[in-house]
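Data block below; observations after.
For clarity, chains are labelled A, B and C in written order, and residue numbers in each chain start from 1.
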Amino acid sequence: MGFHHVKKIPAITFFILSILSSLPAQAAVREYWIAAEKTPWNYAPSGKNLINPKDGLGVWGQSLIYTKYRYIGYTDGSYTTLLPQPEWMGILGPQLRAVVGDTLKIHFLNKTDQPLSMHPHGVMYDKDNEGADSGKGASVLPGKSYTYTWVVDKDAGPGPNDPSSIVWLYHSHVMSEDEMNLGLIGTIVVTREGKERSTSNPIPQDIDQEFTALFMIFNEENDEESGLKHAINGRIFGNLTGYETSIGERVRWHLVALGNEVDNHTIHWHGQTVLDHGRRTDVIEILPASMTSVDMIPRSSGDWLFHCHVNDHMMAGMSTRWQVQNKK
Amino acid sequence: MGFHHVKKIPAITFFILSILSSLPAQAAVREYWIAAEKTPWNYAPSGKNLINPKDGLGVWGQSLIYTKYRYIGYTDGSYTTLLPQPEWMGILGPQLRAVVGDTLKIHFLNKTDQPLSMHPHGVMYDKDNEGADSGKGASVLPGKSYTYTWVVDKDAGPGPNDPSSIVWLYHSHVMSEDEMNLGLIGTIVVTREGKERSTSNPIPQDIDQEFTALFMIFNEENDEESGLKHAINGRIFGNLTGYETSIGERVRWHLVALGNEVDNHTIHWHGQTVLDHGRRTDVIEILPASMTSVDMIPRSSGDWLFHCHVNDHMMAGMSTRWQVQNKK
Amino acid sequence: MGFHHVKKIPAITFFILSILSSLPAQAAVREYWIAAEKTPWNYAPSGKNLINPKDGLGVWGQSLIYTKYRYIGYTDGSYTTLLPQPEWMGILGPQLRAVVGDTLKIHFLNKTDQPLSMHPHGVMYDKDNEGADSGKGASVLPGKSYTYTWVVDKDAGPGPNDPSSIVWLYHSHVMSEDEMNLGLIGTIVVTREGKERSTSNPIPQDIDQEFTALFMIFNEENDEESGLKHAINGRIFGNLTGYETSIGERVRWHLVALGNEVDNHTIHWHGQTVLDHGRRTDVIEILPASMTSVDMIPRSSGDWLFHCHVNDHMMAGMSTRWQVQNKK
C-alpha cells in the first residue's frame, strides 16, 4: 500500500471546488506513475493445459507468445522501480485505489510507438482528463507523458446496494477497440468513505482479501480460431495462478470483461457461492465493459475450478483454479 | 403533456371492474391516437460520421435511407396534427405515459400495406387487447383501425426496488421479428401512484428530465454488413441529437433493446455514472427486449460520448453524444 | 413430496461437523436415487407447430427424435419405480429439494455407455462429492454407481434479496459441454430455513405453485441449423405443455439456461409481469448457467405465450404457452 504516493489535501485549487469542499478532511491525492510498454506476453507460460493435461492446448497452443502493449506501474517519476503486483493480476495494469473524496493523479508515460491514452470509468473528469474523444489527454504521443486528474466523487463510489468497494475499468481510448485488444487495460477500486482501513490504506476494513478477474477473448490473428485467446487476466488453460485463500476469509471478487459480441461470459466458481447485491449465486453474467464486485467466504478447502460456463469458452481454455486452504 | 387526452373516470363499465374499484379517485383514462405509416428513414441525416469525422461512415454509409414503418402519434382521431416529440426520440413511436391505476386507450390506425398490431409489455390486457397471437387486436388490416384498452395495474408499475417510473416496450406482433425490424417500436412509461406531478402530468415529481434510448441493430440488407445499422433510436455515428441536460438536473434514462443474437449491448456514458437499482455503474447491460430505468445527476459539463461498449458495435457507429451544460 | 426419502438427523458424523452443529434440530438428510439413461427424445411430440400451426416446423422439423441421455429419478435403490414428474419438466432430471441445513444424499447409477457424473451448483461439497474435475465422484463408469453427499449450508440458500427459495443447476461434468448437450441436466431448489411447509415438504409456505424453465439450444447435428433445437425444457414450437395456473395463485418461476455463445435468452411472458429481486419486468435476461427465481401472481386469464424474445430464437420455435384459468 505504500507504493503509490498519498498526499493530504490542505487547501486545493481545483476545477470542482464545490464538490471537494464538502469532503472530509482526510481526502487524499493519490499519485500513480504508469507507463505504456511493448512487451512479449505468454498466454500459457507453462506451455501446458493445466486443467486437463491430457487434452493439451489444442489449436490455441499453436502460438502462445505475442507482442502486447501493457500498462506498467512504477513507484515514482523515474519509471525505474516496478510497482509490485501479484501473479494473479496477469496482463492487467496496476490496480488503482481510492476512497470517495480522494483525487487520483495519474502520470502516464507512453513508451510505445503509437498514440495512446488512459480513459477511466466511473471517476469524475473534465474533457482534458477524459483520456478519450477530444481534449488534451485524448491522445498521448509516443515518448510523451501526460498527467490525468480524476476526482473520486460520491458518484464514483459504491451505490447504496453495492459492497464497501467497487471496481471500474480503465483502458486506452485513441483507437479504443484495438488498444483494449493490445492489452491496455487496468482497474480502479473505490472504497466507500469511512470504510477504508486508513488514509494510507484504502482497502476496506470489512474484507480480508481481494481478487480481480478480467474475462476477455483476445484476438491475435484476425479472427482465426488459433488466435482467439479465451483468457482470464490474459492467461488460458489454468495458467493464471495465485488465486489463493483460506476457509473463513472475507474475499471480494472484482469482475470485469471487455471485448466483442462473443464476450458474453458467465463466471463460475466451483466450491463456493457468492453474494451478488443480495442475490446468492455461483455464476455471474458479464458482457463487454461489465464491472461488478461480489463477496464470498470460502467454506470448503480444495483446488477448485474457476471458469466461464459458456461451452465454447470452456473448451477454448477460459478457466483456471482458485485454492482454498484450511483455516490459517 | 396536454397532447394526449385524459379523462377522469366517474363510473366505468370495464372488463376488470374488481381491480379498478380499488384504485384512487383520480385514476385516468389516457387516450392516444397512433397510426402506423410507411416513411423514409435516414440513419444519418447529416451524411457524416459526427463522432470521428475523419473515419467516415464506412460500409454503413453506402446507403442511408430506407423505407421504414413507424408508429406516428396524433393529437386526435382526425389523425392530422402530429404529437410533437423531441429530436432524440428518433425512430421511436410516441412515448405513452400513465400512472398506476390509469387505463390506456390506444386508437390504432393502420395506414400501411400490411397487417400490423400494437403489443404492449407490462400492462394488463385480455386476449382481444394483447395485440398478438390471437384475439381481435392481433392483426389490424391495412386501412383498418382498432382501439386497445390496457389497464395500468400495480403489476405494470415500478417494483419496490425500481425508481418512481419504469419503461415498457410496445411493438407490432403479427410477424413480430419482421415488424420490429421495420421500426414499429415505442415505449410506455409508468409512474408509481402518488409520484406523478398531477393527474394531467404523469411525469414523476422526483425527476427533472427523461431520456429514452433503444439500442438495436436494424437489418436492412439480409445480413449484409453494410445494411446492419447499429443504431441508437435509429441513428448511427452521432446522428442522434438532443440528449441535452445540465449539471445538477435529476435525469432518468429509460433503456431498451430489441433484435437478435448480436443485440447484446453495453450502454456506456462518458462523463457520469448512473444508479441502477442501488448499484453504481456507467455501463448497463441489455439484451433483446430488456427494459430498465436508471438515474443520474450530471456532475461535469461537456460534450460526452454515449455508446455501446461492444467493440464491433462501436466501430459500426452505435454511438452518439449527450451534452451537459453548466448549471442553468 | 413423499417421493424422496427424508431422515431426521439425530447425530451425524460428517466432514463438516462445525457447520451442521449450528443447524436447527429438524435438519434432514434427503435421499434421491437417480439413474443416467439413454432414451429417445422427441422435441415436438405433436409433430406440429402448436404456436403458429400454418408456419409448420420449418427446417427444425426435418428430424424430431434423437437419442438423449437423461437423469431419471426413482423412488428407491431398486431403480424400478419412477419418481413422478409433471409434463412441463420436459427433459429435465428430477427437481431436488432441500431446506437450508439439510443434507442431500444422491445415489447415482450410470446406466449408460459412457462415464458420467453429477456436478451440483450452489451446495457445499468436498472434492470427492464435486462430481467434476478430480475426486472419486468426478467420473462414474458405465454400470457403476456413486453416492454424492451435498451439504445445503447457508451459502447454498437464498441471499437477503432473494425470494424464499432459489434454484441451482446440476449437470454431468466429465466432458461437461458434451454431456449438457446430451440432456444431463436437472435443478435443485433450496428453501430458506423456516420457510418450508414442513420437514417432509420443503416447498415454501409463501408460494402456491412452482415452474422451472430451461432455455437452451441443443445442438444435434454439428451446428446444422436443422439440428439446432431452440428448446424450453427440451421442447420446441409449443410442445411443452402443463404450465397451468389460475388467477391469484402465488407462482414462482425458476429460470435457468445452459449452452453456448448463442444461448443468451430473454424470457418473456405475455399476460403478466414478474418481480425480479424487487424489479418489475416481463423479460428476464439469462446466459449459459444463469439461475434465477422470480415471482408472479397471475391477473388475467388466457392462453398466453411464453418465449425467448431474441428474434432468431422465436422463429426457431423457442416458445410455448402458459395457461391462466379464472380463480379456482
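We adopt the following convention: a contact is a pair of C-beta atoms (placed from the backbone, for glycine too) under 8 Å apart; a residue touches a chain by one contact, two chains touch by 3 or more.
As the structure is a computational prediction, the values presented were derived from the model and not from experiment.
Q: Fewest touch steps from chain A to chain C?
A: 1
Q: Could the interface between the copies chain A and chain B be described as same, meaning over half of its residue numbers are common to both, or is it different?
A: different
Q: Report the inter-centroid distance (CA atoms only) between chain A and chain B in whole Å.
A: Distance between chain centres: 35 Å.
Q: Residues touching two or more other chains, restricted to chain C: which are they?
A: Within chain C, residues 264, 277, 285 contact more than one other chain.
Q: Where on chain C is chain B touching in the complex?
A: Per the touch definition, chain C meets chain B at residues 262, 264-266, 268, 270-273, 275-283, 285, 296-297, 299-305, 309-315.
Q: Please output the residues of chain A touching chain B within their complex, sorted ascending.
A: 16, 19, 121-122, 124-127, 130, 132-133, 153, 155-162, 166, 168, 176-177, 180-181, 258-261, 263-264, 277, 285-292
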